[in-house]
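Here it is, the structure in full.
Lettered A, B, C and D in written order, each chain numbered from 1.
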Amino acid sequence: MNDPWVPVPMTIRSRRQETSDTVTFELDASAAPVRFRPGQFTMLWRYGLGEVAISVSGDPREPERLVHTIRAVGAVTRPITQLRPGDVLGVRGPFGRPWPVDEAEGSDVVLVAGGLGMAPLRPAWLHLLANRERYGRVLLLVGARTPADLLFPDQLGAWRARFDTEVQVTVDRADAGWRGPIGVVTRLLERAGLDPARTRVMTCGPEVMMKFVAREALRQGIPADRIAVSMERNMQCAIGVCGHCQWGADFVCRDGPVFGWDRVGARFAVAGV
Amino acid sequence: MARALPITHLQALLDRLGADGRTVVGPVARDGAVVLEPVRIVDELAQGWRDEQAPGRYRLVPGEPRVFGALLGPQSPKTWLYPAKLTLFRAERDGASFRTTSPDRPPRLALLGLRACDLAAIRLQDRVLLGSGVEDPAYASRRREVLLVAVQCHRSAETCFCASMDTGPEVSSGYDLRLTEVIDERGHRLVVEAGSEAGRAIAADLPLVDVPHDDDAASRQAAEARAGQSKSLRTEGLRERLLDALRGPHWDEVATRCLGCAGCTMVCPTCFCTAVADVTDATGAAERVRRWDSCFHTEFTHVHGGPTRAELAARYRQWLTHKLATWHDQFGTSGCVGCGRCTTWCPAGIDLVAEAERAATAERRTE
Amino acid sequence: MSEEERTIHVGYLSRVEGEGALHLAWKGEELVDLRLRIFEPPRFFEGLLRGRMATEAADITARICGICPVAYQTSACVAVEDAFGVTLPPHLLAMRRALYCGEWIESHVLHMLMLHTPDFLGVPDAMGVARLNRDMVQAGLRVKKAGNALVAALGGREIHPINVKVGGFWRLPRRDELDRVREQLVAARPEALAMVRWMGTFDFPELDRDVPLVALRPADTYPFFEGDLGTTTGLTIDVHQWSDHFAEEHVERSTALHCRLHGQPYLTGPLARFALNRDRLPDDLRALADELGLEAGVVRPFRSILVRGVEVLYAIDEALRLLDGFPVHLEPSVPVTPRAGVGWGASEAPRGTLVHRYEIDGDGRIVSAVITPPTSQNQLAIEADLRELAPELRSLDEDAARHRAEMAIRNHDPCISCSTHFLTLERVIEPA
Amino acid sequence: MRLAVHKFASCDGCQLSVLDCEDELLTIVEAVEIAYFPEASSRMDDGPWDCSLVEGSITTAHDAERIQEVRRKSKRLVTIGACATAGGIQALRNLGDVEAWRAVVYARPEYVATLATSTAIADHVPVDFELRGCPVDKHQLLEVLLAMLHDRRPAIPRESVCADCRRAGQVCVTVAKGVPCLGPATQAGCGALCPGYHRGCYGCFGPSDHPNAPALSRVWQAHGADRDTIVAALRTFNTAAPAFDAEAKRLEEDR
């Protein structure tokens, strides 16, 4: 079926509770492999309940395993995160423009994730690791509210243990066991010792956080067109016809969700665009 | 030599358009306005009416015995090609999984009595719904099948500004048939010109008569309509002027007058925003229903945590700057065809042309 | 519980529209207390109408009762038109009557099938009835739906129609709207007949009552809002003379306004309407009434369900007659010019005569309003029925007695929300 | 799902809408267990209930207590209708002199116990969903029931009546006939009934989520409505709904 409105059923193969409100599903896409680029998203439909935009958080090299990391925040995500292996979700997609991982070849790359922002950045990170030789320094800077809110903590540990990556994690509020840095993620960026001439920044998280990340990167001299952000807007069609996700001249679903700061930076200064 | 259909044979046109099972949709007077509704017999058409339009005001008054004497009502081709409410798909459970079925085939349509701006609006919707990567199947299937029968305007309404938008008043392309309604000492007739193969085939089946000197009837009428058009939108540099004015003071002012009712977007022939809702019935069968939505609704931009355009001022700004500025970026053209519907049908009488001018020239707010 | 003293308390009367409770107490053989209580918090319609435009009365008073809004709208319109000196042309009277037919159908079938039938079959509700006879319930629901469709077609929606106004209607129905509802009514006719016949097979407790009856009694037709008021005591009065004969009193014992005819309890509603207008029914329905054991001159409250059934059939036939060839092209209303005065309006709500009286000033504002709904008129008569049944209620076991008492109350389908001025001081919950 | 239907001060019209779902009734009843619905059934199971539909406003001290109990026993509480969501037309008493009204209606007003106000359910207990309308629309009611049953968000838009009016292809009565209409400030849900019958909306679904009531007053004035007329229009079935109340107050103070 080629109707872009019609979801394809896919069975949940596994479910992992990431944090108290966030779950990672692996869907069986073997019948209709989802070839996606890091940063793209799909529309996930829970039968009869509603559809939401969710970034692919899995490995782009494995199109028959569709991985999503979903936080239960509302009327649709809550019941979706309650599903179990064997249950079925409807899937449309993938949609949207990817992170500029190809353009970044040869550069140093910094990924800055805030909270759930790690989900859309994970495929980019996996891509960097899988093609490690094509990139200079690769940094993953992660911020979370508390240690308990950290996504993929085990993997973070494993990545941090590698010698060819720089992974740093900071939290807003520490608990007893926390030994890492405390504070906003932009601090990590301040201290990353980047070479502005050869660095690309890709960031995803709350809009204010991305704004501060971009501002810091610009301050360090990284040009606006080397800074990419990923946006969230209300999305109903994901194919650029329903109008909901318009942001300035862009449809976030079609022209984004990943944007260069050169294109969108000014919009962050005007409320309600 | 022009070919014309004597008005006494108008039924033949309706019959021919409705042959092969098409629904013919034409101008009908209903509840104080001309609307587009299915017509089978000539008597159903809005003959003898004339529209008076002004910001926030529309009146249908008796006029000449013209069949197409009233110009534009609150409806447009969008009403039929991109319906206000539509089922996108149905689904039912299939064990743990589900099965989807596509909606029923849409009706084949003939739209009768469209104006130059209506044809322009269809071209614009084509760009959005067919020409920007992914096709919208519901629109595509209606659009591909439709016959477009346009009428040359013989006058302009007070709210018309198509001339300044370069979309009219001449009906110049995009039609299957073009009709020019002429009433003179030689009688009452429709000069018929075909604009496509399908149009030619229809014209060939009609009892047309040769009428000398009617060849330029369409351009004569267009010239009259143009001469009578007093409203115009200053389009040069408008995109830049509006985008420069995003922080201007004007938006807050217009938001004190705007009702936020979405009336303008609903009647606008190019506005395409829709919302979908998933519904289930008592048996558990599911359906996704799409309805016209509007950037004037707060829920339109709802994300977890609240709408991104919570203020009415921001929503009005979105409508105006999208229509007149960012459409250019998105679709290479203005999103406005100058039909004036948004202005006439705004209960508060907010005038798009006047607001665009005010917004674009309002003093900049100092940071 | 001692031999001497016995109390039956129906703590929460179900399956009536609204809330009510019944309290009965005996000392020995003697009935010492009988109170039908109504738990309807006051909503002060008569107060809030003061100062409103009389033309708003129809929309506002509709909200007194969601079960019979058309009755309120009709009595209000008739009363205001009376004050303003407006007369309606035949097609608007016909439409008003047809709309009223719709309300009778929906309200009567609701009561018969969903509220009253369960009593006769010993089940708690319509779902219980459906388990015994699903086809009949489905057929009945289709009849009710046809009534709803009629109200919606003429009134805009089933509950609190929006199309009614002083002087007529906002717009006349379109042909296609009429055609659709006609189809439904035609299909409902045989189903309604089958339903009534089925209900005729129920086991009816015997109770003949001798109570004055009051209803409109027009010269030549079965009443909706036409004619003078007639009584079985031989009275024929114009509704303007209402206060000369009827009086409402606020009784301390029951805390409710009770309406009396010359100081006596009386009954309005289907039993009264039917008794007073039996001769206005067409032959076939009179024959049906005979077949159902509804002889002239006898008032049998437990058979009120059958009387309603006859009225449902009448309403279907009447609506079909009125809508046949209805002139959809005429004006939907006549012009209305306010003037000072007093207007009265009476109409036959499904549950009985509903009287509105408005005093209106020169600007068309309401100076005072008095609304006398059927339930406040019937309350004393219902209590009288119960008094009649008291020996039986005393001898039956607890459950059976409660059941019998509830059934007797439901005979009159008291619509408690209609009780613009019925209420109770507090809810008394006593062990049964 | 165990369903309960409770009545407070009201006309019963909203709960009647449940019984008006003739086509769906028997299907729904198979999925929904009607545990407490005194108007329709003498089976009256005490809670707890999965979902309670609450009709009517709070007008007596006793009802103010009863709603607390209903809330305690209900997993979800959905208010239905203008009375329950905004106090209903009887909330007009909030402005008037209840004592005087009591005297108007009752010969012995001392027997009548009532609060001086009629208030919405949400003024007393947390409410999970508010369904508007005087009365509610039965299709919307069905949608809410099905949503509760299938554990999803009811698809009940909060936009204005105008949106539905235009989508239905109706001709705007204000623009085409100069008839004042509350539609632009009233929440959709009825299917834009009144304009379809050539009259202005009288606001029975209460304010939309983004009413610009002052702007609408000016539109009414432009079409010849005086202040009293506008105030009366706002002060009818949803008089205590904040947006209507505020605008009526503004006009009253301007007087």
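As a working rule, contacts are C-beta pairs under 8 Å (C-beta built on N, C-alpha and C of every residue); 3 or more make two chains touch, one makes a residue touch a chain.
Quantities reported herein were computed from a predicted structural model and do not represent experimental measurements.
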### Message
Of all the chains shown, whose C-alpha centre falls nearest the centre of every protein C-alpha atom combined?
### Response
D
### Task
Tell me which of A-B and A-D has more C-beta pairs in contact.
A-B
### Summary
When centres are defined as mean Cα positions, the distance from subunit B to subunit C in whole Å is 51
### Message
I'd like to verify one number: the distance from the centre of subunit A to the centre of subunit B, where each centre is the average of its C-alpha atoms, in whole angstrom.
### Response
40
### Message
Based only on mean CA positions, could you tell me how far subunit A sits from subunit D in angstrom?
### Response
43
### Summary
Taking each chain's mean CA coordinate, subunit C and subunit D are separated, in whole Å, by 25
### Summary
For subunit D, residue numbers touching 2 or more other chains are 150, 152, 198
### Query
Can you list the residues of subunit B that touch 2 or more other chains?
275, 278-280, 284
## Note on the structure
Contacts with two or more other chains occur in subunit C at residues none
### Message
How do the chains pair up in terms of touching? List each pair.
### Response
A-B, A-D, B-D, C-D
### Query
Any idea which subunit B residues touch subunit A in the complex?
88-89, 91, 93, 96-98, 100, 102, 128-129, 132-137, 246-247, 272-276, 278-280, 284, 286, 288, 293, 295, 300-304, 308-311, 313-315, 317-318, 322, 325-326, 329-330
### Message
Can you tell me which positions in subunit D touch subunit A when the two form their complex?
### Response
150-153
### subunit A to subunit B touching residues, read off their complex
1, 3-7, 9, 11, 45, 47-51, 73-74, 86-88, 90, 232-234, 236-237, 239-244, 246, 248-249, 251, 254, 270-273
### Task
Mind listing the subunit C positions that touch subunit D in their complex?
12-19, 40-44, 46-48, 50, 52-53, 56, 59-60, 63-67, 69, 106, 110, 114-115, 118, 124-127, 130, 134, 137-138, 141-142, 144-145, 148, 156-160, 162-163, 165, 170-171, 249-250, 252, 255, 257, 332, 368, 406, 415, 417, 420-421, 423, 425-427
### Summary
subunit D contacts subunit B in the complex at 24, 27-28, 31, 142-143, 146, 150, 152, 155, 157-160, 162-163, 166-178, 181, 183-185, 198, 209-212, 214-216, 218-219, 222
